[in-house]
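Each of the two complexes below includes chain A, the first together with chain B, the second together with chain C.
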Partner chain A sequence: MKKPTANFKPCWIFSTLLLSAFTFIGRRAIASPPEKTTEKEELLVLPGEVGQRGERLVVSLRGEPKTLNPLISVDTPSREVIGTMQADLVHINRATQLTEPALAKSWKISPDGLRYTLVLRRGLKFSDGYPMDADDVLFTFRLYLDEKVHAPQRDLLIFDGKPISLQKVDSHTIVFQLPKPYGVMERMFDGWAILPRHLLEKPYEEGKIAQVGALTTPPNHWAGLGPFRLKEYVAGQRLVLERNPYYWKTDAKGNRLPYLDELVFLFVPSADAQVLRFQSGETGVISRLGAENFSVLSRDQKDYAMVDAGPGLEYNFLFFNLNDLGEKAPPEMIQKQKWFRDLKFRQAVSSAVDREAIVRLVYQGRGAALWGLVTPGNRRWADEKLPHSPRSLEKARELLKEAGFSWGVPGNGDSWLQDSDGKPVEFSIIAQSSSSERSKMAALIQDDLKQLGMRVQVVPLESRSLLDRVTQTKQYDACVLGAASYDADPNSDINVWLSSGGLHLWNPSQARPATPWEAEIDRLINEQMYASTFEQRKKLYDRAQEVLAENQPMIFLVSPNILAGAKNTIGNFHPAVLEPYVFWNVEQLYLKNGTENATR
Partner chain B sequence: MRYLLRRLGHALLLLAGVSVLTFLFTALAPGTYFDEMRMNPQIAPETIAALRAQYGLDKPLPLRYASWLSSLVHGEMGFSFAYNSPVAPLLLVRAGNTLLLTITSTLLAWAIALPLGTWSAERMGRLPDRLLSWGTAMLLVIPDLALALGLLVLAVRSGWFPTGGMASVGFETLSPFNKLRDVALHMILPVTALVLSTLPLLFRHVRAAIADILDAPFLLAALGHGIPKRTLLYRYALPAAANPLISLFGFSIGMLLSGSLLIEVVMSWPGLGPLLLEAILARDLYVVIGGILFSTFFLVGGNLFADLLLYWADPRIRTESNAQ
Partner chain C sequence: MKMQRALTRWLLALGALHGTVVCAGFFAPYDPAVQDRMYPYLPPMRVHLVDTQGHLHARPFVYQPKLRVGSFDQYEEDITDPRPVKFLPSGDYYRLLGFLSCRRHLFGAKNARIYLLGTDAYGRDQLSRLLFGGQVSLVAGLLGAGITLLIGMCIGAVAGYFGGWRDGLLMRLSELFMALPWLYLLFAIRAFLPLAVSPLKAFFLIIAVIGTVGWARPARLVRGVVLSAKERDFVRAARGFGATNGYLLRRHILPETSSVLLTQAAILIPQYVLAEMTLSFLGLGVPEPVPSWGNLLSSLQQYSVLISHWWMYLPAVAIVPFFLGYLGLASSLHERGAAYKIESRILGNLT
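== the complex of A and B ==
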């Protein structure tokens, strides 16, 4: 026994050494705010339940955030974190889905719709105590517009090839000049985090702007205008944010927000592990839940309550390959595209798909069947007149008969569908293997279509390979996919609607519209973009939704509900259907009574 | 010395080969990191093209390999698209956490397997040995994933152990002793899972090696001379049976960085596992290549170490290689 024991001891000593080497990377902020001006602060007073100051909220993130820099962030965890550390000029209230004043206390639009004059709040300060004024806004938009910065959202500030321009009127007034009237510019101000010029000017001039805001940034080198600021980052484990004492909102009683002292994001790499952490009480809030985990958690709600916020903005759909594949297309593909291009064929497929079964079997009833791109969660913009035709195999068979399809009877007694040339109708549907929901949808559709005599194979593909096939090589028959609008406004899906758009998935990036109905949609969408009143826009957008539904290039299936949960001790927890689902009012979240700490 | 040099040469060649192959295979995998952005309606295709160009993804493969090699020499190991930073620091921090877990569990597994295997071999065919064989066979067939999940369920139901991670929230406020305790507590479940998954293999090898040697004439002779059985086992049988075990130990070292990836993901241990999984799914090319190279380095290094140990332990190998 001697040898093993001898091994055992050094192992513990070694572990101790490793420990001290790898876990103590925390750093403390030593920000020293310049206390020069004591300008009267114009704070924003929020209505709603008044909470209690203090405590710490622990939540889990599926992945590790990659950066704190809003100029380059694209992944969900980074954006979720950045959302709690930054603020925008005009904000979309996630509950009402309407715009409201944020850093800008008011704004005026010139009669021709080309000039937006924004007035900033007085006395605003970044989380490191530095005052913020119009120069920060000008600087921020200079960065977003700079081609060399590669800000992913840059395109949204370009209209017909011309960028918007900004002028400073005085230290608190800025004019945004648009190249073209744009109906929803005030919504567009949402999400553009105003950045600290005093911290970013030097790296920007040195061309190192993409490197700033790394998670390893010392806390006193990073600042924002959001409710929380950086406190500590431990690679692979957690990100700790602390209360921003300079935040510009108060509650109805005049207490400065946010209520929480600390917000801790734990990095938990799998959904099941997130559920376990929540169940064991280590985390206080859980969001982005699948229906299965939601029902598991719903079973014993003692210390926590689960919330179903209803359908969100995600839409799942089936589409066929309608690309012009040119001369090189193999003959089978040409034959298949003959069916796919036939409107009656697509209508028959749509009629045969049992959407209610998908809602029931894939989402355990926590979703809404879908007949158009705009989901019922988008209350203002969904077209209520859109027909919700129930599933009908008879109608589907009739449509197929009209289109010249017939049912041959081979030896085994099954009757398979064949086209007018006598070719059996056989194709494959690709689906993301990483999304068990979409794989299940594809399998259910396979079953539904089998009843029409179509032979369908489901091919699960890893997400990147699938996107590669759909957007690059165009080697696929049909595909089940989903997308989520980032805002309730129609313009967030513009690349899906327009035939020139990269997300016009069935035939992306067309030079000119391939069909008359695509031209019609292009016209309607472009018109609504520049129409000035909501009623006009709504009318045009409804019509676009109808044209899309009539032509079925995308066969819409289901919109899943937004599911979340929180400990009973957490106050003001009101999940919204817009991102960020649970942290949109993070400054108002609080822990009741202060009795229970989220830590064990 | 010549033996050592030759071995080192082999190891370096192997590493170079692996780096070329991983580069080739990751480049051949369909899709790139920037494809996911295509599904984001906010991002224009021109921006994506510009980003690809910025990271040199539009250059031919040999050029990319060359620039990667030069960054390897500078200690950066390429650039992570997702983190916007060099790969080496990302990997190093997490490799440390992984090693903490795997070194502990490997040593623990060996510390259990050696005496247990010897004990069992001594009683070959009797009830305790049969029971142990059964038990380890059972452990062998349970997938690691099931083992880890089972332990996690236990943790949630009992509330005795944390359900993942490496440290509690509020870790930075603890005293040094409590910090140690906290990490040790967090290590219990993943270490148990790792030990349970490696133990059966080690145990069976030790048992077989000892059992083989127990029948050897020199041991029977020693037994005849009245040497106590205990001394016999540990002083004579174990060293004689060491050769296959040394090779196995080299293999254990080789698995230090790659053996725990799954457990880490399930138990959210902040090691290489979660990072690599995410990088593979997101096609964060250089992180994947860096991770593979890291674990290959350990595999090759472990084998080299085992070879050297064998050279030192076994005179037969010494004379053989000197004769050549």
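== the complex of A and C ==
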């Protein structure tokens, strides 16, 4: 399953809005934390540059987070904030893209691959000082698995309709029992925030769990295991987090992390306004930057440095409406789908698209042309054997000719493409009006296809109505869209791959695969999910990528680079290509010398 | 006399400006939709007469641009590669005045493309887009104003001439229309239309909408003139001789409204050009790749374009002489109308 990314955010926002509208929290006096724990702490020592304590870092956030509650968060700003306040059992290192111990100091897999035994660190405490143990883990997963909680990630814990089960061995050992062997379970632990039982048990029993964790929650009613904890929230303006004094990591010299005293998120809704704030020095770090803004900022780098972290995991693509529209489809749509379903037509379009021009004109060279779903940024999983056929209009014309298309010449020398019934090839491409990049891609494709004699119109649409057309009403011809895998592992894109998946965009949520090659992909993806070694999985996944590339239901375009910037005074700034691009090592970020105050 | 001269001057200036836009195909060196993907956001090229060695050339030339080393978006002139400017070369196909097939352009460059006003994000010639975009914007303004005035004149004449309940009804309706937030109305109309509208359809749709929404103000002005005109002696006399309503309106009353209508036209046209630009700027006008002044400016919505590529502002500069021309014309028309009125009043008293 794939977590909804920024691109698919709109369909989720609404529900979270409603939920967070109820900001009630069980009114209980929070007793001061028990001080009895004298257990020796098993802290995680992080390698890397040793920094200095103190100061505060101000950053801008694209929108106001809807919630601090990991059980119901789906929007990008919420996830970004929660990422700095919560911790998981096993963590994927965003730089190496490999798993490493987090709250669990070690784990063991039984030979049959069904039992995962995790051993927790000793002396862990929540940010309010309460000790954390196996009961919190059991409680947390009970919540995630509870259907009534509606956790968006719940599907990931269900295998063939059966949920995983947990057993407590002792206060620091937990066994996860899987219904089916699953090759990468330890990777799956990433992102499951372990929640405080002492705060959430009562609301859960009262059925009010979805209302917990609103931004208006008093700071002493909310706790996590991440490097920062809630301090202050000013609606519409900012969210202030402070250092969690009980955090379980230290630097190489044994200083407890995080270095920063405070982390301030300003709510700055537009990308351009974020650039201005960063330029004026109001914010210290900027990420999720477009190439044009990046080059604007790169032009006078005095107080700050810009970093191009290379191609990320975002992939942009063009796809045609291949849904089975049934009897009700209007005749012109049936005609159009006749072309779209023709593999040669799709191959011709793919062959005519000038990907290099998109990289140059849309991303100013800061991106990579793409021929498959797995981007070059995903070093372990990208299929190197995938053919990178260069742009060729001759080949495209050849393919169209073979598929029975021909060219009519009306008057002025421009020739228009027509199908075997003599109908001119005309269709529209919808693109998100909010994304200038994707609108530009669509305009370039329009011009590319004009050279094949296709009459294409680009229709900019607001994101939500675009998604509505693609996933609900299915009234569109073709669409340019992008998505970002949240993890390098193939399973993060499973909803795109499987014909039953909701993000199998060209024909989503099929009852059974519509074509033999979709069935083949389903088989390969399911097999790789349960295969035990990397080599086996890689082989199956490569094959799936090849089948996808042969059939071109998605015509892949480009993968933009991950672009970010930070003030020169910020140490340990190493943007990664995985989300959260710059805050994956937020506990290690620090301000040098302490001479500069990052805020006003 | 002085007034007449001012009027002629304004008309000549506007005529020249419109002539340039009407013959856009000839003055523009290229097809406005053709992308030159090697040169996105190329700044305006400089035309030289003297080369780097100080030699004077008889024929002006440009240097071929090249990307600055290590940059994706900064260009410099390649001084080893001069390309002479050619006059009246044969180039992209276009239709002069909408029907004459032509390939002849005012200027071009030998074996190169010349961008006097730079290029946009897709490497399209900004000058050609500006000229062709003017066709869309100005025609929208002219036609829109024409429709408005026609509707306004009819409704105003009916309301003023017949009076009574018709007058009441039409004037209340006009108040309703004046209170309408037309921009939001346009949003709403656009949302109900089919997904993909061809450029031509979108164009006529805009004209129809802006044309039909703005009739209220001219209608009220016309009504006022008609109200006073229908009580004039010569109208009464004609009625006494048995003239029909239609004849009276056509022959005696509506001619009285001409100066009001002309002044209104001169004010409305630039207003409607601006309306079209607003719509296209917001993405509701003619779709890409057809240029209009509004969608040429829409790239300025991005901060990076705003501060890096000054030549993208040029369409905004280009509208200034047009608006100035129309407003100048409006004021001289107004003065002439006032003078005419005084004259006729004096003459009327004398006789």
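By definition in this document, the second predicted complex is superposed on the first by the 567 of 600 C-alpha atoms of A that agree within 3 Å, B and C clash if a C-alpha of one lies under 4 Å from a C-alpha of the other, contacts with A are read in each partner's own complex, and residues count from 1 in each chain.
The rule is short, and it goes like this: a contact is a pair of C-beta atoms (placed from the backbone, for glycine too) under 8 Å apart; a residue touches a chain by one contact, two chains touch by 3 or more.
Since we're looking at a predicted model, the values are computed, not measured.
Q: If you stack the two complexes on chain A, which partner ends up touching A:L276: first (chain B), second (chain C), both, or neither?
A: The answer is both, since A:L276 touches chain B and chain C.
Q: Would you sort A:P152 into first (chain B), second (chain C), both or neither based on which partner it touches?
A: In the superposition, A:P152 contacts chain B only.
Q: With both complexes overlaid on chain A, does A:Q446 touch chain B (first), chain C (second), both or neither?
A: The second partner, chain C, only.
Q: Once chain A of both complexes is superposed, is A:D135 in touch with chain B (first), chain C (second), both, or neither?
A: A:D135 contacts neither chain B nor chain C.
Q: Scan A:E546 for contacts with chain B and chain C and give back first, second, both or neither.
A: Touch status of A:E546: no partner.
Q: For A:L503, select first, second, both or neither according to whether it touches chain B, chain C, the two together, or no partner.
A: It touches chain B, and chain C stays clear.
Q: Which partner, chain B or chain C, is in contact with more residues of chain A?
A: Comparing chain B with chain C, the partner touching more chain A residues is B.
Q: Counting contacts the way the document defines them, which residues of chain A are shared by the two interfaces, the one with chain B and the one with chain C?
A: 272, 276, 469
Q: Mind pulling up the chain A residues that touch chain C in the complex?
A: Counting only chain A, the residues touching chain C are 271-272, 275-276, 290, 292-293, 295-296, 299, 354, 357, 360-361, 364-366, 412-413, 427-428, 430, 433, 436, 440, 443-444, 446-447, 457-460, 469, 475-477.
Q: Mind listing the chain A positions that touch chain B in their complex?
A: These residues of chain A touch chain B: 1-5, 7-8, 11-12, 14-16, 18-19, 21-23, 25-26, 56, 58, 63-64, 66-67, 69, 72, 74-75, 147, 150-156, 210-211, 214-216, 232, 234-238, 264, 266-270, 272-273, 276-277, 279-280, 282, 434, 462-465, 467-469, 471, 483, 485-486, 492-496, 501-503, 509, 598-600.
Q: Using the touch definition from the top, list the residues of chain C that touch chain A in their complex.
A: Residues 33, 35, 37, 40, 72-73, 93, 101, 121-123, 195-198, 283, 287-289, 302-305, 307-308.
Q: Which bits of chain B are touching chain A when the two form their complex?
A: My answer: residues 29-32, 35-47, 50-51, 54, 82-85, 90, 93-94, 96-97, 99-100, 103-104, 107-108, 110-112, 114-115, 149, 152, 155-156, 159, 162-172, 179-180, 183, 234, 265-268, 270-271, 273-275, 277-278, 281-283.
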